[in-house]
Amino acid sequence: MNMEAFLNHLVAKYNFWLYIILMMIGLYAMIAKNNLIKKLVGMNIFQTAIILFYVSIGSKRGGTIPILEHVSGGAQHAIDPANYVNPLPHVLMLTAIVVSVSTFGVALALAIKIYQRYKTLEEDEILTRIRES
Amino acid sequence: MILSGGLLLYATKDFPSWGDPTSPASTHVSPRYLKKSLEETRVPNVVTSILADYRGYDTMFETTVIFCAGVACFMLLRTFEKRETDHYYRHVPTGITIHIKGQREIPIESKEFEKIDAIWTPYDLIINTVSRFLVPFIQLFALYVIAHGHHSPGGGFQGGVILGASMIVLAIAFNLRTAVRRLGERIDSIMSALGVFIYSGIGALCVLLGANFLDYKALAQILPIDRVAARSDGILGVEIGVGIAVMAVMICVYNNVASEGRYDEGL
Amino acid sequence: MELYYSIRPLLAVLVSLCAVPFIVLSPRPNIRETVSFIAAGLKFALVISMLPVILNGHQIIFTLMNVLPGAPIQFRVDALGMLFGIVSSFLWIVTTTYSIGYMRGLDEHAQTRYFCFFALALSATIGVAFAGNLLTLYLFYEMLSLATYPLVTHHQDDEARISGRKYLTYILGTSIGFVLPAMLYVYHVTGTLDFSALGVLGGKAHPTTLIVVLFLFIFGFAKAAIMPFHAWLPAAMVAPTPVSALLHAVAVVKVGVFSIIRVLLYTFGTKELMGLHVGPAVSYVASFTIIIGSLIALSQDNLKRLLAYSTISQLSYIILGVALLSPRGMTGGLIHIPMHAFGKITLFFCAGAIFVATGKKNLSEMHGIGKRMPITMIAFFIASLSIIGLPPCGGFLSKWNLLLGSLQSHQAIALVVLLVSSLLNAAYFMPIIYKAFFLRDQGSAQGIREAPLFCVVPLCVTSLLSIAMFFYPQPFYKLIKLVIHQLLGA
Amino acid sequence: MIAHYPALLVTIPLLAAFVIYGCSWLHKKSCLPLALLALAISCAVSIGLLAQAIAKGHISYHLGGWQPPWGIAYEVDPLNALVLVAVSTVAFINLIATAGEIEQVFSDRKGAFYTLYLLFIVGLLGIVVTGDLFNLYVLLEIASITGYSLIAMGQADRAPLSSLNYVFMGTIGACFYLLGVGYIYIMTGSLNMADVRALLPSLYHSSAILVAFIFCLVGVMIKMGFFPLHTWLPNAYTYAPSPAISLIAPLMTKVMAYVMIRLILSVFSPAFTFASLVVGHGIVWLACLAILMGAILALSQRDIKKMLTYIIVSEIGYIVGGAWLGNNTAMTGAVLHIINDTLMTFCVFLAVGGISRKLGSVELNNFKGLFKKMPFTMGAFVASGLSIIGVPPTCGFFSKWYLISGAMEAGSYSFVCVLIISSLINVILFFRIIETAFFAHSDPGNRHDYLLSEIDEISLNTLIPLLMAAAGLLVLGMYSGTVVGRVIQPALAGIL
């Protein structure tokens, strides 16, 4: 019996599995990869996975985008929150996207500075060059 | 790494299932936004109202983050010392590039010759003309996106990025030198500082007028409108500030990263 | 026994601290010496001014800052503190004059730094003497060990570096390693660190842990140079003689012994100690140090190292006296502080004078020196009498009381140890006197005269004083009676 | 205007940063005075805030005029007001001390440096004061991005690489924290700390809250440089430029430590953290490991700066260990240690920065004879060394005192002996340096050894702040009784 409970439990939350897998890929790339740029890409995947998680929190079945039609004359009929998607996570994720972009920018600038100095982006070559100098 | 993955899986056990409207997240705080935002800020797009008003403080720091990235790239990469290299010229009508070794400049001042930075800067007539034609429309659309953040999805960030992109199109199509000639580094940096300053300036203005920081209803005292309209105008003002800042930062980051801080040859 | 609130104890501590900037800024050496001289005089006057109040049984308290709940930085001047305060401040005056002569004689470098750290060390010693609770005592104890480091390593050569390193590892290592946890345990159990005549740790903890904490304290205060942790004292002989004279005969080592006494009597309390019957155990440690110290002293050739080992054994006399827990024994132990101070400082002065005049350090080269430096050697003779404990000098009184005390507390072993060690003392002092006066010097230059006046005068003052104390020990006795009256009620 | 102190505290440096960046293009000379002015104002405001916090106990400031769960609110209590004062004073003094060096080294990019400097301070001040979990993440990002770029401006060959490693670790940490906040949000629906605290008790059984707590903690610990996750700290801090390092080293890790304590105390109530979590003892053991490893690794370093970074790692071990012991005294010790440690690390790094500027490299053996050449700087270095060891008059002793008595109260004697051992190792560390500095080649020639020609001290406007910091160590030590009695105890009384 619990197999079936487990199954529908699994199906009901498939989006959470997705973001965990994405995150693990990002984390793996960041730690294991040798080339700096690949690490950067891994970092970006890692951050987008979290953004996916947040956005999936706010979604509601059958909810439309949270823009309330501008009823002329302002007679406000009761807005039922059920049929609108929860806007808060979207706001948070605007910030998270901006943050990931700026971190990416700064990290790229650093990578260029390293390249200017060592003429390579492979981490092990850089370390050997450091040891020589 | 596997440990953290396992931990995450373990945690999902008692999450509310996906998308059900009764999940705590959407029952606790956000319904109020949905109900109240229209009659409080007269902004139909609830996301923008939360973005700029309810959690306006977050967004201010968000713009500061973008500003930090711009300043960081400037500081890390920008080098001011001029490298004495040989000079390149292109004969505009025929498209031939001339490479002069040593420091001598070309004596004749004629319209046909155009100074370029590197031998490989691309030159393609079609792309140049099309991009020169297209850029104004991109900018127009970007302004629309900023202004209409209230009604349709959009707002300061998205509009700012599109504006920045329009300038970068120029830099790519032509070369960095022409893009920099259109929007110099000095003006660009000042605009980035100005944009964020507008945002926090409006917030500080509310403090001067007595209300809490970023409380736009205080603007009603100086603007000839009632308190709720003041909120939506406050949001608009803030959106404009954000747009300017984001555009300037995008351009500054691109210029620095593309030319490794020397601002001479383009991609 | 009321409590007087006056700022004088703080002033006594601070007077030499304020002297430091003046010493540093004084342009010419003479001004620098006079400043430190005035500071010494002022300090001694301040200490004496507090004597009458203490003599008729009162105590002076001054709270500087309450830093921890239950353990403020507080000064409390009582009879024990006053005894130690008088001895060290008086001897500071004598040593300042001596060091002027010594420094000028040998033309040492970095004299300003020397005088500054000297003044700092003294203010720390007085701070320990007048400490009101364990925290203040620990504070000044650390300050003293740090202030004396530059003095010990004054010559800045490699030998000084090694001995400095040894000095620090022993002193700082044991003080942080042993005293800090013990102090924290006391604070944790009792909630306060104050010294009270009846002892703070009234049965609040399990006896075995109390014994462990007690020994942590005893070995923690390594400045008392008890056997396992004594190696820093002979190593510190590399310092110039006035440093080793004042610090290692009077200030530093006495601070160690003084803090152990403070902890034993005022934190644990006499009843607690008797209850734990830990007295015999402490006296065994002390007597072990006495015997071994004297034996090693026998075999030393370098005069200053000999005096160092004799200091180690003499110090344990004091601890032995206190550990006997009998009124007579305690009087003997406490009176030994001034006696040993005056006697030992004269010996170190003589050693310094010989070094200044002839440049000799080892005993084997000192044949027939008595003929050329009669005054120094006579003072040396008197002081050694006092250390051995023969009648005309003060040392006899302390030995006498110690012997009576050991009888009173039925400690036969202590009695035997005291007698044997007196014999040993005689055994290593008499050959020096014999060589100095009766042997003919082997043809080294005839024309050696006495050391400079500045060295010889303090020499004679301290030796005469140690004789005077034999005939007129009343001020010290009165103070000690007060201490005993408070503690044992006898 | 007084009511707006919490907002002013953060916005004034923020506005100043933008104005400075603008004017760095127009009128270069006016950058420094503006920066100094902004920091001075924020310093004064934080002191005023502390006075208010002590008087009123708790101040709440609603940003944008909205009630907390909907808008963002600032919560100021005596505890974080104290941290505020420490952060702003250190920043202000540091700018005065290193202004000369910044002007000289980054002459062309001076405006950018000051902007990043101010934004770093804005980030830190915001983190300490904010009452909203997500706002804390955004401020954390500001502080780290400015931190990455400030560090990357150091020596050309090693600084960018170590800064990049710092970027990777920092981003992982921040994203773990964000994930933790997400898990809290999905379960409780609100982001405001006080609101979350009210909602949590009913959810303690659920595993999501447990995971949220673990992720928030792990994220904060990465940023804090706690032992197993500290690999980025030594390289990042050693190769950074000295003006940046004497700012980042004392502040970044300590503010993150405060965030951890705030998470334990005001978001996940102590009952949850200590009672239902068996992990508390594990973390105390980890802290012991951190202290020991930090001290041992410091022993093996030749370069003084690298040695100091390892000492920071072991200091963080003190704070985490103290916080996780669970009783009131240990927590007071941990909070007091945050303040003391900020001042100590600042003084040490300022002194080493001055010396490295004068001598070039900071290797152990070129410290020879430094007492004669730079007596005052070495004096300040010795004072801060003593404070790190924990010698009574200085403030380090008293925070160690509280930590050890708290450990005794909690009965974890391993923490006690680890603290003792690490102070002994610190003794060896610092006296190794003092010994080499003291034993110069003694030239017997000079009579009066303080010849002025011989002293080439660091410039005056660096020296005076350094001496002020050293004196501050003693004063803080003396007044730690009042600091604890008036500020920390009332704040903690309600909670623990």
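Which chain is which? They are A, B, C and D, in the order written, and residues in each are numbered from 1.
One rule holds in what follows: a contact is a pair of C-beta atoms (placed from the backbone, for glycine too) under 8 Å apart; a residue touches a chain by one contact, two chains touch by 3 or more.
Note that this is a predicted model, so its numbers are computed, not measured.
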{"item": "Chain closest to the middle [Cα centroid of all protein chains]", "value": "D"}
{"item": "Centroid spacing, where centroids are CA-atom means, of chain A and chain B in whole angstrom", "value": "20"}
{"item": "Computed distance of Cα centres, chain D from chain B, in Å", "value": "33"}
{"item": "Centre-to-centre distance between chain C and chain A (centres being mean Cα positions), rounded to whole Å", "value": "72"}
{"item": "Rounded Å distance, chain C centre to chain D centre (Cα mean)", "value": "44"}
{"item": "Residues of chain D engaged with two or more neighbouring chains", "value": "134, 138, 141, 145, 148-149, 152, 179, 185-186"}
{"item": "Set of chain A residues in contact with two or more other chains", "value": "27, 57, 89, 92, 95, 99, 102-103, 106, 109-110, 113"}
{"item": "Two or more partner chains touched - positions in chain B", "value": "4, 8, 12-13, 15, 23, 25-26, 29-30, 33, 55, 58, 61-62, 65, 68-69, 72, 76"}
{"item": "Full enumeration of touching chain pairs", "value": "A-B, A-D, B-D, C-D"}
{"item": "Chain A-facing residues of chain B, complex", "value": "1-2, 4-5, 8-9, 12-13, 15, 17-21, 23, 25-26, 29-31, 33-35, 37-39, 44-47, 50-51, 55, 58-59, 61-62, 65-66, 68-69, 72-73, 76-77, 151-153, 157, 253, 256-257, 260"}
{"item": "Complex contact set, residues of chain D against chain B", "value": "4, 7-8, 11, 14-15, 18-19, 21-22, 25-26, 61-66, 69-72, 108-109, 112-113, 115-116, 119, 122, 126, 132, 134-135, 138-139, 141-142, 145-146, 148-149, 152-153, 176, 179, 183, 185-191, 199, 206-208, 210-212, 214-215, 218"}
{"item": "Residues on chain D engaged by chain C in the complex (per definition of touch)", "value": "386, 389-393, 398, 401, 404-405, 408-409, 416-417, 420, 423-424, 427, 431, 435, 438-440, 442, 444, 446, 448-450, 477-481, 485"}
{"item": "Residue ranges of chain A touching chain D (in the complex, touch as defined)", "value": "27, 30, 36, 39, 43, 46-47, 50, 53-54, 57, 89, 92, 95-96, 99, 102-103, 106-107, 109-111, 113-114, 117, 126, 130, 133"}
{"item": "Touch list for chain A against partner chain B, complex", "value": "9, 12-17, 20, 23-24, 27-28, 31, 56-61, 63, 65-70, 74, 76, 78-79, 81-82, 84, 86-92, 94-95, 98-99, 101-103, 105-106, 108-110, 112-113, 116"}
